[in-house]
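In the two assemblies presented below, chain A is common to both, partnered first by chain B and then by chain C.
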Partner chain A sequence: MSTRVLTEFDLLLPASLEEALDMLERERSAVTVLSGGTDLLVAMKAGFKTAKAMSLAHLRNLDFLAYDSGSGLRMGPRTTIAQIVDSADVKQHYPALWQAAKIFATPQLRNTATVVGNLLRGSPAGDCSAAVSALGGTLVMASAQGRREVHVDNLWVSYGVTARADNEMAVELRIPAPTKGTVSAFRRLTRVNEDLAKLNVAACLQLDGSTCTGARLAMGCVAPTMIRLPSAEAVLTGATINDDTLALAAEAVQQDISPIDDQRSTAEYRRAVAGVYLKRTVQQACGIA
Partner chain B sequence: MSKHFVTLNVNGEDHDVVVASNKTLLDVLRDQLNMPETKYGCGTGECGACTVLVEDFTAINSCMTLAATMDGRKITTAAGLQKGNELHPVQQAFIDKAAVQCGYCTPGMVIKSVSLLAKNPNPTEQEIREGLEGSICRCTGYLKIVEAVAAASKAMAGTAG
Partner chain C sequence: MGELKTVGKSIERVDIRAKVCGTAVYAADIKFPGMLHGKVVRCYEHAHARVKRLDLSAAAKVPGVIKVLGPKDVTTKKYNQSVIDLMASKTEGQMLGDIEEQSIFTEHVKFYGDGIAGIIAISEEVAERAAQLVKVEYEPLPVYLTPEESGAPDAVQFTPEKPGNRAFQLPEAMFPGNALGWGDVDKAFEEADLVIEDTFYTPKQKQCQMEPNSYVALFDDEGRLNCWTSGQMPKLVHEKLSRLFELPMSRVKINQTVVGGGFGARLGMVLEPEVCAMALAVPGKPVKIQQPREEDWLTSPSRHPSRYWMKIGFKKDGTPVAIDAKSVNFKGGYYLDGSALASTTGFWLQGMYKFQNLRYKGESYFTNQPVCGAFRGYGNPQTNFVLEQMIERACVELNLDPLQWRRKWHKETGDLSWLNATPYTSCALNECLDRGAAAIGWEEKRKKYANQTGTKRRGIGVAVGNHTSGAFPMILEHTTCTVHLNEDASATVLVACSDLGQGSHTTLRQIAAETLGWPIEDVRLETGDSDANGFDIGAHASRTLYVGGAAVMKACQDARGQLLDRAARILKVNRDELDMDNKTIYVEGSPERSVSARDICRVGIYNFVDHATGLPEGEMGQIQAYVSYKPEQNSPPFFATFVELEVDLETGEVELLELVSSHDIGKAIHPAICEGQMEGGAQQGLGMALTEETYFNEKGFATNNSFTDYKMLGASDMPRMTSILVENGDPYGPFGAKSVGEAGVVTPVGATANAIFQATGIQFTQGPITPEKILRAIRERGQTYV
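Now for the complex of A and B:
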């Protein structure tokens, strides 16, 4: 184990999507897919072993980012966090995702890391994962057999494990278009800005005046995977957003989370701040900060 | 372990190299191309000592980039910034403002500053500090570095950069 020397592996560099899917079909679990690689390379330097790694670096046209007011946002598996930050459409229509991307890691890592990679890493701490969870994204998985869609609610199975089959590759992320009254926001708690989160929250609400008619709330670093917050969502749905209902939602969060002690924080601290951060995130989304 | 034939365009010159699959761009620059100006710091994308530019002005961590994935790409290191005997305005500003102590972070810091100014030619102090996140200096306390980037921004105003 060394941060200087990577363990040995074979690198596959498919030149087309078809070739990539054929390789996955053949290699299955022997191969680890690498897009930006900002997480995988650190893992490999920390002792994670893989016989083969398949890089998407030579695949063309997979770094698209397109917004349509009807069909929503589409991006590819090579679309970087920096592209999200630079997108006026994302900033305007998907504040939660833009805010998560804006403070994601460092400028160098934002130039390399991808949103789809963040989702498929299956980390409970992924900033873009929180945002995409709240915004209700769907991944399109492709294999040599065909394509299927996996909604973000069904993506994370357990720590580091996703619903992606070992012969599949995510080829697109879709996020529905906001409608009138859709608001969203993201917040993260760290010691310094470059850190991974101690806790992160994303909220996407459907508002009719000050009444919340629908809520998708996601919180990270409080369970083995990124999670939705069903108890807090139930409190807010149908309610008027005010100090009283936010206090109730903040309290309800305790039923939804199961944090642990780790190198970045403690379970006790996470429980203490979870409600506060949820409240502030909803306020930020509603513009009542 | 697989080996890969790649052509890396480093500082305007093509280099044909055979790289092992587990070699990072940093490994190849330092050990195979004998270009030691790009530094190894943490190896995990946190300190920024290994920062290089790809395709003009995109700053990346060379310690986190597999060399075999960089075939045909244009890479600029700190040693590739000067034109002939003339230092890049950012390099000159780091000297003029004494924004260097031990110097280990300096190549990455200079590269990062060039990238920052390419995107935002007239940054505020706050924007400079945010733009330099991901590049760590353990000596200076950053004040002189921030001043140097501001001075370079002024020096570059009205020039092609």
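Now for the complex of A and C:
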């Protein structure tokens, strides 16, 4: 049961990254990192307890968003969904991410929610998580000890649990630059338009003419974490994209997913539409009407 | 009355600036010095249990807690939070079996969230923390989520007054055979060419009014109980609180705050008993209860879920020979207006088509769910979902045009309406159907969509309905209105009618201004004060404009008459020779012979003696008019809705394309407000058809009592909408107006289901019609469409 009264917690407001990393080093699991707050505050009202919340609000220069045709896209932990929607570079070079951001939640939430926060929430339903998974992003984790990179394939451990160590903070998200023939797309199913996904899909394909030379497919709400779809990827890789291969890929998805019944939909329904949505997403990426 | 100056115009709503600018004062905005905060301790461990032991000691010790209240620390008088029992005579109430079985804090938990104790503290935070320290030992009881379970012979009884947990059935004394209707249904089925039957489920839809519930109460130094509430029915709540706390009505004061939506959720009382009980425990200190949305969901009534069986018979030519129906409602934990809903659900059925034989049975059974009560439409959307789908199926079977069938067989002006009590006073349903069909392109689309291929299929559906304007003659109808003319010839109109956001304070002012013949700026409405206002039932049954508006009109006619009488005496003519233009009263044909309304009003109040003559300067007395009004009709509005949509056969998703509603409203007092009611109603009707349902797990815990998981359609989900106002005037309504408040929700329900039927060839009997249900049905028919 939700409450109008937040439980008591200490709000930590580091003024620099160094201070933030020191706090994390000291407090470890006692602290929850608060970026946009759109998940954390709702969870706290529903009973989630944290002794300390470390807000990134006073940290400067963490809301950057930069694209370079060689090194790709870089964004900070404070970069909002709204910034993604406003970016012509993202729209042009990372359609999957832009499409996910465009329909993400509501305008108010897009103004404060962050892409990195979406990833680190570890929800299997995250729309931007699906896009970043297909696009093959890498998070840069910083701690008092130094930095390391965590590829999105290794990020989600189990429901709500990520590879972030409790003294670490994500300081950057990198997404590789597309090359000639890289296409991507995102689609989702919801109960109403402004909603959490009951199933979402992102696809990033490398095309050589109509031949797929590489595929990264991600699907949400069909497993405890956002997942890749290895069986479907195997079907598409090296194949010509046409109705037959798409039908095979749609069928192969069944081996990759393990959906459950929950508040938003049923396992039966998710199984029934997973292939359809994968097919449509690939078609959208490839520009097939 | 000549050309209308104010009525019929979409003037700026009187409440809109304050609401848009955020200055409107809702109950949650009310703060008093020294105000305390109340928290109802609720049971979230069980949906059905007895409280074996309640230990409030730890909660009482929390610093800042003023008082803890168990069931015996407040009045143990039983009550019924609804008000329907006040609206029937004692004899009728006994026949119907209305009961009072609720306690402020219960020892028999009947639903997830039932209130068991109260905390009063210096802050909301302290109250909340203390509530978490309340220790309770429960005896769990079996959880009943359906009438079948609670009605089983060995089920635990909710109340000894209702054996078998049957809260209500149509009483034998009023409805022989526990059924309403006419003719010989069984015989008629034998002679019918086509008989179809099915059982439907209609969902537990929540009103989702924008303002969450908040209440303030103060037992003041004069020994008066004051309550600030956003209830829809302040005067009936006045009486209810007076009874419950055994105080004369002169010692109970209701202050109605700005109401942020009601839709029936605030019909009667919600937390007024709890907040007043708390205030009585701490005399002299105001107490406020403010609830989060999730708690509102559980503590204010929702629409009744129902299992609704129907059988209908036709001749080959479409002649409707018989209809037999039974709705079994899920009552929730308490009785509330148990007698009314199961009855009206049948009244709407009875009032729509010219079936030669009809039988309807209505029942309600207690269930371990949050209470059910009034919700816009009051059984009508349920009947629409069922009846309109059954009619559609029959039209397909008989190869009849569904629009033409409805045109031919709906009841008309002069036919007996619901309860068979009064004839319909006016009916322009054919015009509604014709104009709606033309606006959406019915003929062309209906044909075009009959044969489709591909994975996306379109459908267009129609449904018709009628509703009521007020509750006459079934239950109490009454509004009083007092008008004072001020010394500057402006008017104060005292009337207790509620504006829940539907715009009634604007339309009532329009009626007053039009009747008086003055600009709307010169008319002030005084509402929401139980001391100042005389009796009015409150907002329900789409009555406010029709009954309240007529009361205002009659009182204003009287005031205007008194004013003209005085002018006639001054001008030495008969009253009927006079006319009034703004504030000047003149002799028709001789405008130079005139007198100022202001002068008459002023001298009536500032009545000095003329020293030259020794006589008063004019006629003494402030002009006041009063009416205690009871309508003699209920002028039902008729209406039709057309819905066009597209179903994705691969995913079961429904995309709403267009909705056209046309309403025979008699006369639009404020066209934009009428359209707003129709569009808002459509949003709720479409939601009931497609997405809205409160779900429970096997323990009886609500699993989606918040906007996270209870999905209403948002602006971007809505189709393109057209609202057509058919204005032919009703002989009884004020300025010819009939109601529009509830009607909008009704027909989008049936029209949506019928559009899905055309698109998929499948009828869905279990609401809401979700993509999950659609896709399963398609797959069960062996069509995968992939």
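Everything below uses one rule, namely that the second predicted complex is superposed on the first by the 286 of 289 C-alpha atoms of A that agree within 3 Å, B and C clash if a C-alpha of one lies under 4 Å from a C-alpha of the other, contacts with A are read in each partner's own complex, and residues count from 1 in each chain.
Note that in this section a contact is a pair of C-beta atoms (placed from the backbone, for glycine too) under 8 Å apart; a residue touches a chain by one contact, two chains touch by 3 or more.
Since this is a predicted model, take the numbers as computed values, not measurements.
Undergrad: Tell me the contact category for A:Arg26 with respect to chain B and chain C: first, second, both or neither.
TA: In the superposed model, A:Arg26 contacts neither chain B nor chain C.
Undergrad: For A:Gly37, decide between first (touching chain B), second (touching chain C), both and neither.
TA: first
Undergrad: Touching A:Arg191, do we find chain B (first), chain C (second), both, or neither?
TA: second
Undergrad: So, A:Lys49: does it touch chain B (first), chain C (second), both, or neither?
TA: Touch status of A:Lys49: no partner.
Undergrad: If we overlay the two complexes on their shared chain A, which of chain B and chain C does A:Gln108 touch? Say first, second, both or neither.
TA: first
Undergrad: Please indicate which partner A:Glu268 is in contact with in the superposed arrangement: first for chain B, second for chain C, both, or neither.
TA: Once the two structures are laid over each other on A, A:Glu268 reaches chain C alone.
Undergrad: In the superposed arrangement, which partner chain does A:Arg147 touch: chain B (first), chain C (second), both, or neither?
TA: After superposing on A, A:Arg147 lies clear of both chain B and chain C.
Undergrad: Just checking: does A:Thr3 make contact with chain B only, chain C only, both, or neither of them? Give me first, second, both or neither.
TA: Touch partners of A:Thr3: chain B and chain C.
Undergrad: Should A:Ala57 be classified as contacting the first partner (chain B), the second (chain C), both, or neither?
TA: First partner only, chain B.
Undergrad: Once the two structures are fitted together, what part of chain A is touched by chain B and by chain C alike?
TA: 2-5, 42, 45, 193-194
Undergrad: Within their complex, state which residues of chain A touch chain C.
TA: Contacts found on chain A: 1-5, 42, 45, 189, 191-196, 247, 250, 263-266, 268-269, 272-273, 275-277.
Undergrad: Residues of chain A touching chain B in their complex?
TA: 2-11, 13, 34, 37-38, 41-42, 45, 53, 55, 57-58, 82, 105-109, 111-112, 193-194
Undergrad: Which part of chain B faces chain A closely enough to touch in the complex?
TA: 1-2, 4, 21-24, 40, 42-46, 48, 51, 54, 58-61, 63-66, 68-71, 112, 115-116, 130-131, 133-135
Undergrad: Can you tell me which positions in chain C touch chain A when the two form their complex?
TA: 42, 44, 113, 124-125, 128-129, 290-295, 650-653, 691, 695, 703-704, 706, 708-709, 711-714, 716-717, 770-772, 775-776, 779, 786
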